[in-house]
Amino acid sequence: MTFLTRSIDTRLRSLGLTLPTPPDAVGAYAPVVVRERLGFVSGQFPLRDGRLIHVGRVGSELGEEEGREAARMAALNAVAQIRRHLAGFEGFAGLLRMDGYVASAPGFHAQPGILDAASELLSDMFGPTLGVHARTAFSVDQLPMDAPVELCLSFATSE
Amino acid sequence: MTFLTRSIDTRLRSLGLTLPTPPDAVGAYAPVVVRERLGFVSGQFPLRDGRLIHVGRVGSELGEEEGREAARMAALNAVAQIRRHLAGFEGFAGLLRMDGYVASAPGFHAQPGILDAASELLSDMFGPTLGVHARTAFSVDQLPMDAPVELCLSFATSE
Amino acid sequence: MTFLTRSIDTRLRSLGLTLPTPPDAVGAYAPVVVRERLGFVSGQFPLRDGRLIHVGRVGSELGEEEGREAARMAALNAVAQIRRHLAGFEGFAGLLRMDGYVASAPGFHAQPGILDAASELLSDMFGPTLGVHARTAFSVDQLPMDAPVELCLSFATSE
(Lines give C-alpha, C1' and ligand atoms only; values in the text may rest on other atoms or scores of the structure.)
Protein backbone atom coordinates (compact mmCIF):
# COMPACT_ATOMS: atom_id res chain seq x y z
CA MET A 1 0.00 0.00 0.00
CA THR A 2 1.47 3.33 -0.99
CA PHE A 3 1.13 6.73 0.58
CA LEU A 4 -1.18 7.80 -2.23
CA THR A 5 -3.55 4.89 -2.04
CA ARG A 6 -3.58 4.71 1.77
CA SER A 7 -4.58 8.32 1.84
CA ILE A 8 -7.76 7.60 -0.13
CA ASP A 9 -9.46 5.99 2.83
CA THR A 10 -8.17 8.78 5.06
CA ARG A 11 -9.51 11.35 2.64
CA LEU A 12 -12.90 9.70 2.54
CA ARG A 13 -13.13 9.79 6.33
CA SER A 14 -11.98 13.41 6.53
CA LEU A 15 -14.58 14.35 3.92
CA GLY A 16 -17.24 12.64 6.01
CA LEU A 17 -18.05 10.37 3.09
CA THR A 18 -19.22 6.80 3.32
CA LEU A 19 -19.23 4.91 0.07
CA PRO A 20 -22.55 3.29 -0.75
CA THR A 21 -23.01 -0.38 -1.51
CA PRO A 22 -22.31 -0.39 -5.24
CA PRO A 23 -25.37 -1.12 -7.37
CA ASP A 24 -25.62 -4.48 -9.10
CA ALA A 25 -25.42 -4.60 -12.86
CA VAL A 26 -28.86 -4.32 -14.47
CA GLY A 27 -28.10 -6.83 -17.20
CA ALA A 28 -25.72 -9.43 -18.57
CA TYR A 29 -22.47 -7.58 -17.92
CA ALA A 30 -20.05 -6.84 -15.09
CA PRO A 31 -19.95 -3.62 -13.07
CA VAL A 32 -16.16 -3.42 -13.49
CA VAL A 33 -13.72 -5.15 -15.83
CA VAL A 34 -9.93 -4.90 -15.50
CA ARG A 35 -7.51 -6.29 -18.08
CA GLU A 36 -3.93 -5.28 -18.82
CA ARG A 37 -3.87 -2.64 -16.03
CA LEU A 38 -6.85 -0.87 -17.51
CA GLY A 39 -10.19 -0.74 -15.75
CA PHE A 40 -13.65 0.23 -16.94
CA VAL A 41 -16.63 0.94 -14.72
CA SER A 42 -20.00 0.31 -16.31
CA GLY A 43 -22.22 3.39 -16.55
CA GLN A 44 -23.23 4.56 -13.08
CA PHE A 45 -26.44 6.30 -12.15
CA PRO A 46 -27.49 8.38 -9.13
CA LEU A 47 -28.89 5.35 -7.34
CA ARG A 48 -29.11 5.16 -3.54
CA ASP A 49 -30.49 2.00 -1.99
CA GLY A 50 -31.70 0.88 -5.39
CA ARG A 51 -33.63 4.04 -6.26
CA LEU A 52 -32.70 7.11 -8.29
CA ILE A 53 -32.34 10.10 -5.97
CA HIS A 54 -33.62 12.36 -8.79
CA VAL A 55 -35.57 11.61 -11.96
CA GLY A 56 -35.93 13.64 -15.14
CA ARG A 57 -34.02 16.26 -17.06
CA VAL A 58 -31.91 19.13 -15.81
CA GLY A 59 -33.37 22.43 -16.95
CA SER A 60 -36.99 21.32 -16.77
CA GLU A 61 -38.02 18.73 -14.15
CA LEU A 62 -34.80 19.33 -12.19
CA GLY A 63 -32.76 22.38 -11.26
CA GLU A 64 -29.00 22.65 -11.51
CA GLU A 65 -28.35 21.86 -7.84
CA GLU A 66 -30.38 18.65 -8.13
CA GLY A 67 -28.34 17.81 -11.21
CA ARG A 68 -25.15 18.34 -9.23
CA GLU A 69 -26.41 16.11 -6.41
CA ALA A 70 -27.15 13.43 -8.97
CA ALA A 71 -23.65 13.77 -10.44
CA ARG A 72 -22.09 13.38 -6.98
CA MET A 73 -24.20 10.30 -6.21
CA ALA A 74 -23.22 8.65 -9.49
CA ALA A 75 -19.56 9.41 -8.77
CA LEU A 76 -19.82 7.83 -5.31
CA ASN A 77 -21.30 4.72 -6.87
CA ALA A 78 -18.48 4.56 -9.41
CA VAL A 79 -15.85 4.80 -6.66
CA ALA A 80 -17.68 2.16 -4.64
CA GLN A 81 -17.58 -0.13 -7.69
CA ILE A 82 -13.82 0.39 -8.03
CA ARG A 83 -13.24 -0.31 -4.33
CA ARG A 84 -15.30 -3.48 -4.40
CA HIS A 85 -13.63 -4.79 -7.54
CA LEU A 86 -10.09 -4.10 -6.33
CA ALA A 87 -10.92 -5.08 -2.72
CA GLY A 88 -9.67 -1.69 -1.58
CA PHE A 89 -7.63 1.00 -3.27
CA GLU A 90 -4.22 -0.64 -3.07
CA GLY A 91 -4.13 -1.56 -6.75
CA PHE A 92 -5.63 1.73 -7.90
CA ALA A 93 -3.20 3.74 -10.05
CA GLY A 94 -5.35 6.71 -10.99
CA LEU A 95 -8.37 7.81 -12.96
CA LEU A 96 -8.15 8.07 -16.72
CA ARG A 97 -11.35 9.44 -18.10
CA MET A 98 -14.88 10.34 -17.16
CA ASP A 99 -17.63 10.52 -19.74
CA GLY A 100 -20.55 12.40 -18.27
CA TYR A 101 -24.04 12.35 -19.72
CA VAL A 102 -26.61 14.86 -18.55
CA ALA A 103 -30.27 14.45 -19.50
CA SER A 104 -31.05 18.02 -20.49
CA ALA A 105 -34.05 20.10 -21.41
CA PRO A 106 -33.84 21.74 -24.85
CA GLY A 107 -31.73 24.86 -24.58
CA PHE A 108 -29.89 23.81 -21.43
CA HIS A 109 -26.17 23.96 -22.27
CA ALA A 110 -24.51 24.16 -18.81
CA GLN A 111 -23.61 20.46 -18.61
CA PRO A 112 -19.99 21.20 -17.57
CA GLY A 113 -21.19 22.84 -14.36
CA ILE A 114 -23.29 19.80 -13.48
CA LEU A 115 -20.41 17.42 -14.11
CA ASP A 116 -17.96 19.57 -12.16
CA ALA A 117 -19.75 18.39 -9.03
CA ALA A 118 -18.60 14.86 -9.85
CA SER A 119 -15.11 15.89 -10.99
CA GLU A 120 -14.53 17.93 -7.84
CA LEU A 121 -15.70 15.10 -5.61
CA LEU A 122 -13.41 12.64 -7.42
CA SER A 123 -10.46 15.01 -6.97
CA ASP A 124 -11.32 15.43 -3.30
CA MET A 125 -11.52 11.66 -2.79
CA PHE A 126 -8.47 10.57 -4.79
CA GLY A 127 -6.28 13.66 -4.43
CA PRO A 128 -4.78 15.61 -7.30
CA THR A 129 -2.34 12.97 -8.54
CA LEU A 130 -4.65 9.98 -8.72
CA GLY A 131 -7.85 11.95 -9.20
CA VAL A 132 -6.98 13.97 -12.27
CA HIS A 133 -8.95 12.78 -15.29
CA ALA A 134 -9.86 13.70 -18.84
CA ARG A 135 -13.53 14.43 -19.29
CA THR A 136 -16.15 14.61 -21.95
CA ALA A 137 -19.52 16.24 -21.36
CA PHE A 138 -22.63 15.19 -23.21
CA SER A 139 -26.11 16.53 -23.34
CA VAL A 140 -28.70 13.86 -24.01
CA ASP A 141 -32.44 13.92 -24.35
CA GLN A 142 -33.00 11.03 -21.98
CA LEU A 143 -31.12 8.32 -20.13
CA PRO A 144 -32.02 4.79 -19.11
CA MET A 145 -34.54 4.76 -16.23
CA ASP A 146 -35.14 8.48 -16.92
CA ALA A 147 -32.04 9.24 -14.84
CA PRO A 148 -30.65 12.79 -14.96
CA VAL A 149 -26.96 11.79 -15.02
CA GLU A 150 -24.88 8.82 -16.12
CA LEU A 151 -21.12 8.60 -15.55
CA CYS A 152 -18.58 6.27 -17.19
CA LEU A 153 -15.17 6.06 -15.57
CA SER A 154 -11.97 4.35 -16.59
CA PHE A 155 -8.86 3.97 -14.49
CA ALA A 156 -5.41 2.44 -14.38
CA THR A 157 -4.28 -0.30 -12.01
CA SER A 158 -0.81 -1.10 -10.76
CA GLU A 159 -0.89 -4.86 -11.35
CA MET B 1 -3.44 -21.15 -29.16
CA THR B 2 -4.81 -21.56 -25.67
CA PHE B 3 -7.73 -23.58 -24.43
CA LEU B 4 -9.77 -20.42 -24.00
CA THR B 5 -9.21 -19.01 -27.46
CA ARG B 6 -9.47 -22.36 -29.23
CA SER B 7 -12.82 -22.87 -27.62
CA ILE B 8 -14.19 -19.70 -29.24
CA ASP B 9 -14.40 -21.33 -32.66
CA THR B 10 -15.83 -24.45 -31.05
CA ARG B 11 -18.39 -22.35 -29.21
CA LEU B 12 -19.41 -20.57 -32.39
CA ARG B 13 -19.99 -23.89 -34.12
CA SER B 14 -21.92 -25.35 -31.22
CA LEU B 15 -24.11 -22.24 -31.14
CA GLY B 16 -24.80 -22.70 -34.83
CA LEU B 17 -23.38 -19.25 -35.50
CA THR B 18 -21.53 -18.19 -38.62
CA LEU B 19 -19.82 -14.84 -38.39
CA PRO B 20 -20.74 -12.45 -41.18
CA THR B 21 -18.23 -10.79 -43.46
CA PRO B 22 -17.41 -7.71 -41.39
CA PRO B 23 -18.69 -4.45 -42.88
CA ASP B 24 -16.17 -2.07 -44.40
CA ALA B 25 -15.58 1.26 -42.72
CA VAL B 26 -17.91 3.96 -44.04
CA GLY B 27 -15.25 6.66 -43.95
CA ALA B 28 -11.62 7.57 -43.46
CA TYR B 29 -10.92 5.31 -40.49
CA ALA B 30 -10.15 1.68 -39.69
CA PRO B 31 -12.69 -0.89 -38.50
CA VAL B 32 -10.28 -2.02 -35.74
CA VAL B 33 -7.15 -0.47 -34.24
CA VAL B 34 -4.86 -2.29 -31.80
CA ARG B 35 -1.97 -0.60 -30.00
CA GLU B 36 -0.27 -1.53 -26.74
CA ARG B 37 -2.46 -4.65 -26.26
CA LEU B 38 -5.62 -2.61 -26.41
CA GLY B 39 -8.10 -2.90 -29.25
CA PHE B 40 -10.98 -0.74 -30.34
CA VAL B 41 -13.70 -1.72 -32.77
CA SER B 42 -15.32 1.15 -34.63
CA GLY B 43 -19.05 1.51 -34.03
CA GLN B 44 -20.94 -1.46 -35.42
CA PHE B 45 -24.44 -1.45 -36.79
CA PRO B 46 -26.99 -4.22 -37.48
CA LEU B 47 -25.83 -4.60 -41.07
CA ARG B 48 -26.19 -7.86 -42.99
CA ASP B 49 -24.91 -8.01 -46.55
CA GLY B 50 -24.55 -4.25 -46.53
CA ARG B 51 -28.10 -3.45 -45.41
CA LEU B 52 -29.56 -2.69 -41.99
CA ILE B 53 -31.78 -5.57 -40.87
CA HIS B 54 -34.03 -3.06 -39.04
CA VAL B 55 -34.45 0.70 -39.39
CA GLY B 56 -35.89 3.22 -36.95
CA ARG B 57 -36.38 3.60 -33.24
CA VAL B 58 -37.24 1.03 -30.61
CA GLY B 59 -40.53 1.86 -28.97
CA SER B 60 -42.12 3.35 -32.08
CA GLU B 61 -41.14 1.98 -35.53
CA LEU B 62 -39.64 -1.14 -33.93
CA GLY B 63 -40.65 -3.46 -31.12
CA GLU B 64 -38.34 -4.76 -28.42
CA GLU B 65 -37.68 -8.08 -30.10
CA GLU B 66 -36.62 -6.33 -33.30
CA GLY B 67 -34.33 -4.17 -31.18
CA ARG B 68 -32.81 -7.29 -29.65
CA GLU B 69 -32.28 -8.81 -33.10
CA ALA B 70 -30.53 -5.63 -34.14
CA ALA B 71 -28.31 -5.75 -31.05
CA ARG B 72 -27.32 -9.35 -31.79
CA MET B 73 -26.51 -8.55 -35.42
CA ALA B 74 -24.32 -5.60 -34.42
CA ALA B 75 -22.52 -7.84 -31.90
CA LEU B 76 -21.87 -10.47 -34.57
CA ASN B 77 -20.38 -7.81 -36.81
CA ALA B 78 -18.14 -6.59 -33.99
CA VAL B 79 -16.86 -10.11 -33.34
CA ALA B 80 -16.31 -10.60 -37.06
CA GLN B 81 -14.24 -7.41 -37.12
CA ILE B 82 -12.10 -8.68 -34.22
CA ARG B 83 -11.56 -12.05 -35.89
CA ARG B 84 -10.57 -10.48 -39.19
CA HIS B 85 -8.18 -8.01 -37.59
CA LEU B 86 -6.47 -10.62 -35.40
CA ALA B 87 -6.66 -13.30 -38.14
CA GLY B 88 -8.44 -15.58 -35.68
CA PHE B 89 -8.90 -15.45 -31.95
CA GLU B 90 -5.43 -16.57 -30.88
CA GLY B 91 -4.33 -13.11 -29.79
CA PHE B 92 -7.66 -12.25 -28.17
CA ALA B 93 -7.35 -11.70 -24.42
CA GLY B 94 -10.88 -10.71 -23.50
CA LEU B 95 -13.51 -8.03 -23.90
CA LEU B 96 -13.19 -4.81 -21.94
CA ARG B 97 -16.19 -2.64 -22.54
CA MET B 98 -19.29 -2.34 -24.65
CA ASP B 99 -20.99 0.98 -25.18
CA GLY B 100 -24.47 0.37 -26.50
CA TYR B 101 -26.61 3.02 -28.14
CA VAL B 102 -30.29 2.40 -28.71
CA ALA B 103 -32.31 4.75 -30.91
CA SER B 104 -35.37 5.13 -28.72
CA ALA B 105 -38.80 6.65 -28.94
CA PRO B 106 -39.56 9.26 -26.26
CA GLY B 107 -40.50 7.51 -23.06
CA PHE B 108 -38.81 4.22 -23.93
CA HIS B 109 -36.38 3.50 -21.06
CA ALA B 110 -35.76 -0.26 -21.38
CA GLN B 111 -32.45 0.02 -23.24
CA PRO B 112 -30.70 -2.46 -20.90
CA GLY B 113 -33.02 -5.23 -22.03
CA ILE B 114 -32.25 -4.52 -25.68
CA LEU B 115 -28.51 -4.53 -25.05
CA ASP B 116 -28.67 -7.71 -22.99
CA ALA B 117 -29.29 -9.55 -26.26
CA ALA B 118 -25.82 -8.46 -27.37
CA SER B 119 -24.17 -9.04 -23.98
CA GLU B 120 -25.61 -12.54 -23.71
CA LEU B 121 -24.49 -13.44 -27.22
CA LEU B 122 -20.98 -12.17 -26.50
CA SER B 123 -20.83 -14.23 -23.31
CA ASP B 124 -22.07 -17.28 -25.19
CA MET B 125 -19.46 -16.79 -27.91
CA PHE B 126 -16.43 -15.95 -25.78
CA GLY B 127 -17.31 -17.79 -22.59
CA PRO B 128 -17.48 -16.26 -19.13
CA THR B 129 -13.77 -15.47 -18.70
CA LEU B 130 -13.06 -13.75 -21.99
CA GLY B 131 -16.59 -12.54 -22.60
CA VAL B 132 -17.22 -10.59 -19.42
CA HIS B 133 -17.35 -6.85 -20.12
CA ALA B 134 -18.28 -3.54 -18.59
CA ARG B 135 -21.23 -1.90 -20.29
CA THR B 136 -22.84 1.46 -20.67
CA ALA B 137 -26.32 1.87 -22.08
CA PHE B 138 -27.42 4.95 -23.93
CA SER B 139 -30.72 6.12 -25.26
CA VAL B 140 -30.39 8.32 -28.32
CA ASP B 141 -32.88 10.06 -30.52
CA GLN B 142 -31.35 8.80 -33.76
CA LEU B 143 -28.26 7.03 -35.04
CA PRO B 144 -26.34 7.25 -38.31
CA MET B 145 -28.27 5.66 -41.20
CA ASP B 146 -31.35 5.67 -38.93
CA ALA B 147 -30.06 2.44 -37.37
CA PRO B 148 -31.78 1.21 -34.19
CA VAL B 149 -28.58 0.07 -32.42
CA GLU B 150 -24.87 0.92 -32.49
CA LEU B 151 -22.28 -0.99 -30.46
CA CYS B 152 -18.70 0.03 -29.58
CA LEU B 153 -16.46 -2.70 -28.23
CA SER B 154 -12.97 -2.61 -26.81
CA PHE B 155 -10.82 -5.61 -25.98
CA ALA B 156 -7.41 -6.70 -24.76
CA THR B 157 -4.87 -8.63 -26.80
CA SER B 158 -2.08 -10.91 -25.63
CA GLU B 159 0.72 -9.50 -27.77
CA MET C 1 12.84 10.98 -31.86
CA THR C 2 11.86 8.53 -34.55
CA PHE C 3 11.35 9.01 -38.24
CA LEU C 4 7.60 8.71 -37.78
CA THR C 5 7.26 11.27 -35.01
CA ARG C 6 9.78 13.71 -36.51
CA SER C 7 7.78 13.70 -39.69
CA ILE C 8 4.68 14.96 -37.88
CA ASP C 9 6.09 18.46 -37.55
CA THR C 10 7.31 18.27 -41.14
CA ARG C 11 3.87 17.16 -42.26
CA LEU C 12 2.19 20.01 -40.41
CA ARG C 13 4.46 22.52 -42.13
CA SER C 14 3.98 20.99 -45.55
CA LEU C 15 0.21 21.05 -45.03
CA GLY C 16 0.46 24.73 -44.15
CA LEU C 17 -1.11 23.99 -40.77
CA THR C 18 -0.37 25.84 -37.55
CA LEU C 19 -1.76 24.23 -34.45
CA PRO C 20 -3.88 26.54 -32.32
CA THR C 21 -3.24 27.24 -28.66
CA PRO C 22 -5.17 24.37 -27.09
CA PRO C 23 -8.29 25.47 -25.21
CA ASP C 24 -8.26 25.31 -21.42
CA ALA C 25 -10.51 22.84 -19.69
CA VAL C 26 -13.91 24.31 -18.90
CA GLY C 27 -14.19 22.59 -15.53
CA ALA C 28 -12.52 20.53 -12.84
CA TYR C 29 -10.66 18.13 -15.10
CA ALA C 30 -7.52 17.93 -17.24
CA PRO C 31 -7.40 18.42 -21.02
CA VAL C 32 -5.24 15.29 -21.37
CA VAL C 33 -4.47 12.39 -19.05
CA VAL C 34 -1.84 9.73 -19.78
CA ARG C 35 -1.36 6.63 -17.66
CA GLU C 36 0.15 3.28 -18.57
CA ARG C 37 0.97 4.38 -22.13
CA LEU C 38 -2.63 5.27 -22.82
CA GLY C 39 -3.76 8.83 -23.37
CA PHE C 40 -7.19 10.44 -23.39
CA VAL C 41 -8.01 13.88 -24.69
CA SER C 42 -11.03 15.51 -23.12
CA GLY C 43 -13.84 16.32 -25.55
CA GLN C 44 -12.73 18.99 -28.00
CA PHE C 45 -14.92 21.57 -29.67
CA PRO C 46 -14.48 23.79 -32.75
CA LEU C 47 -13.08 26.64 -30.68
CA ARG C 48 -10.70 29.22 -32.14
CA ASP C 49 -9.40 31.96 -29.85
CA GLY C 50 -11.96 30.97 -27.27
CA ARG C 51 -15.01 31.13 -29.53
CA LEU C 52 -16.88 28.47 -31.47
CA ILE C 53 -16.32 28.96 -35.20
CA HIS C 54 -19.84 27.64 -35.87
CA VAL C 55 -22.87 27.28 -33.62
CA GLY C 56 -25.94 25.10 -34.02
CA ARG C 57 -26.92 21.86 -35.72
CA VAL C 58 -25.84 20.43 -39.02
CA GLY C 59 -28.80 20.05 -41.34
CA SER C 60 -30.65 23.11 -40.07
CA GLU C 61 -28.64 26.10 -38.80
CA LEU C 62 -25.49 24.79 -40.49
CA GLY C 63 -24.71 23.19 -43.83
CA GLU C 64 -22.49 20.18 -44.34
CA GLU C 65 -19.41 22.19 -45.28
CA GLU C 66 -19.69 24.24 -42.10
CA GLY C 67 -19.99 20.98 -40.18
CA ARG C 68 -16.82 19.72 -41.85
CA GLU C 69 -14.99 22.93 -40.96
CA ALA C 70 -16.09 22.49 -37.36
CA ALA C 71 -14.85 18.89 -37.36
CA ARG C 72 -11.45 19.98 -38.67
CA MET C 73 -11.15 22.74 -36.06
CA ALA C 74 -11.98 20.32 -33.23
CA ALA C 75 -9.38 17.88 -34.58
CA LEU C 76 -6.73 20.61 -34.66
CA ASN C 77 -7.51 21.43 -31.04
CA ALA C 78 -7.21 17.77 -30.07
CA VAL C 79 -3.81 17.51 -31.74
CA ALA C 80 -2.71 20.73 -30.08
CA GLN C 81 -3.70 19.25 -26.71
CA ILE C 82 -1.64 16.13 -27.40
CA ARG C 83 1.39 18.17 -28.45
CA ARG C 84 1.21 20.39 -25.37
CA HIS C 85 0.78 17.46 -23.00
CA LEU C 86 3.65 15.44 -24.48
CA ALA C 87 5.78 18.57 -25.10
CA GLY C 88 6.06 17.57 -28.75
CA PHE C 89 5.29 14.37 -30.61
CA GLU C 90 8.31 12.33 -29.56
CA GLY C 91 6.35 10.15 -27.13
CA PHE C 92 3.34 9.80 -29.44
CA ALA C 93 2.79 6.22 -30.52
CA GLY C 94 -0.38 6.54 -32.58
CA LEU C 95 -4.07 7.29 -32.40
CA LEU C 96 -6.44 4.69 -31.02
CA ARG C 97 -9.98 5.91 -31.35
CA MET C 98 -12.05 8.90 -32.20
CA ASP C 99 -15.59 9.30 -30.99
CA GLY C 100 -17.30 11.96 -33.02
CA TYR C 101 -20.54 13.66 -32.01
CA VAL C 102 -22.45 15.73 -34.52
CA ALA C 103 -25.31 17.95 -33.39
CA SER C 104 -27.84 17.09 -36.07
CA ALA C 105 -31.22 18.28 -37.23
CA PRO C 106 -33.92 15.58 -37.23
CA GLY C 107 -33.56 13.47 -40.33
CA PHE C 108 -29.90 14.32 -40.94
CA HIS C 109 -28.05 11.00 -41.08
CA ALA C 110 -24.80 11.88 -42.91
CA GLN C 111 -22.64 12.22 -39.79
CA PRO C 112 -19.87 9.99 -41.26
CA GLY C 113 -19.22 12.53 -44.02
CA ILE C 114 -18.89 15.33 -41.48
CA LEU C 115 -16.47 13.33 -39.34
CA ASP C 116 -14.41 12.26 -42.36
CA ALA C 117 -13.14 15.84 -42.49
CA ALA C 118 -11.54 15.26 -39.08
CA SER C 119 -10.36 11.73 -39.86
CA GLU C 120 -8.74 12.81 -43.11
CA LEU C 121 -6.98 15.72 -41.43
CA LEU C 122 -5.68 13.43 -38.67
CA SER C 123 -4.35 10.98 -41.27
CA ASP C 124 -2.73 13.84 -43.16
CA MET C 125 -1.09 15.15 -40.00
CA PHE C 126 0.07 11.89 -38.44
CA GLY C 127 0.56 9.80 -41.55
CA PRO C 128 -1.05 6.42 -42.23
CA THR C 129 0.78 4.43 -39.53
CA LEU C 130 0.29 6.71 -36.55
CA GLY C 131 -2.89 8.34 -37.80
CA VAL C 132 -5.06 5.30 -38.36
CA HIS C 133 -7.86 5.13 -35.78
CA ALA C 134 -11.09 3.38 -34.98
CA ARG C 135 -14.08 5.67 -35.09
CA THR C 136 -17.60 5.88 -33.84
CA ALA C 137 -20.08 8.38 -35.22
CA PHE C 138 -22.92 9.77 -33.17
CA SER C 139 -25.83 11.98 -33.97
CA VAL C 140 -26.96 14.09 -31.04
CA ASP C 141 -29.67 16.64 -30.59
CA GLN C 142 -27.40 19.21 -28.99
CA LEU C 143 -23.92 19.57 -27.54
CA PRO C 144 -22.50 21.71 -24.74
CA MET C 145 -22.31 25.41 -25.73
CA ASP C 146 -24.58 24.56 -28.70
CA ALA C 147 -21.48 23.38 -30.59
CA PRO C 148 -22.01 21.46 -33.84
CA VAL C 149 -19.22 18.91 -33.28
CA GLU C 150 -17.40 17.34 -30.33
CA LEU C 151 -14.47 14.96 -30.75
CA CYS C 152 -12.95 12.58 -28.19
CA LEU C 153 -9.57 11.09 -29.06
CA SER C 154 -7.45 8.47 -27.38
CA PHE C 155 -3.89 7.56 -28.26
CA ALA C 156 -0.93 5.41 -27.27
CA THR C 157 2.38 6.69 -25.97
CA SER C 158 5.79 5.07 -26.13
CA GLU C 159 6.81 5.58 -22.51
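Each chain carries a letter (A, B and C) given by its place in the written order, and its residues are counted from 1.
Convention: contacts are C-beta pairs under 8 Å (C-beta built on N, C-alpha and C of every residue); 3 or more make two chains touch, one makes a residue touch a chain.
Since we're looking at a predicted model, the values are computed, not measured.
Although chain B and chain C share one sequence, what matters here is the overlap of their interface residues, and that overlap falls short of half of the numbers used. Rotation relating chain A to chain B, from a C-alpha superposition: 120°, rounded in steps of 5. Look at where the CA atoms of chain B average out and do the same for chain C: the two points lie 25 Å apart. Under the contact definition stated at the top, the residues of chain B that touch 2 or more other chains are 38, 99, 140-141. Listed in rising order, the residues of chain B touching chain A in the complex are 37-38, 93-99, 104, 106, 109, 111-113, 115-116, 119-120, 123, 132-141, 154, 156. Remark: chain C residues 25-33, 35-36, 38, 40-43, 99, 101, 140-146, 150, 152 touch chain A in the complex.
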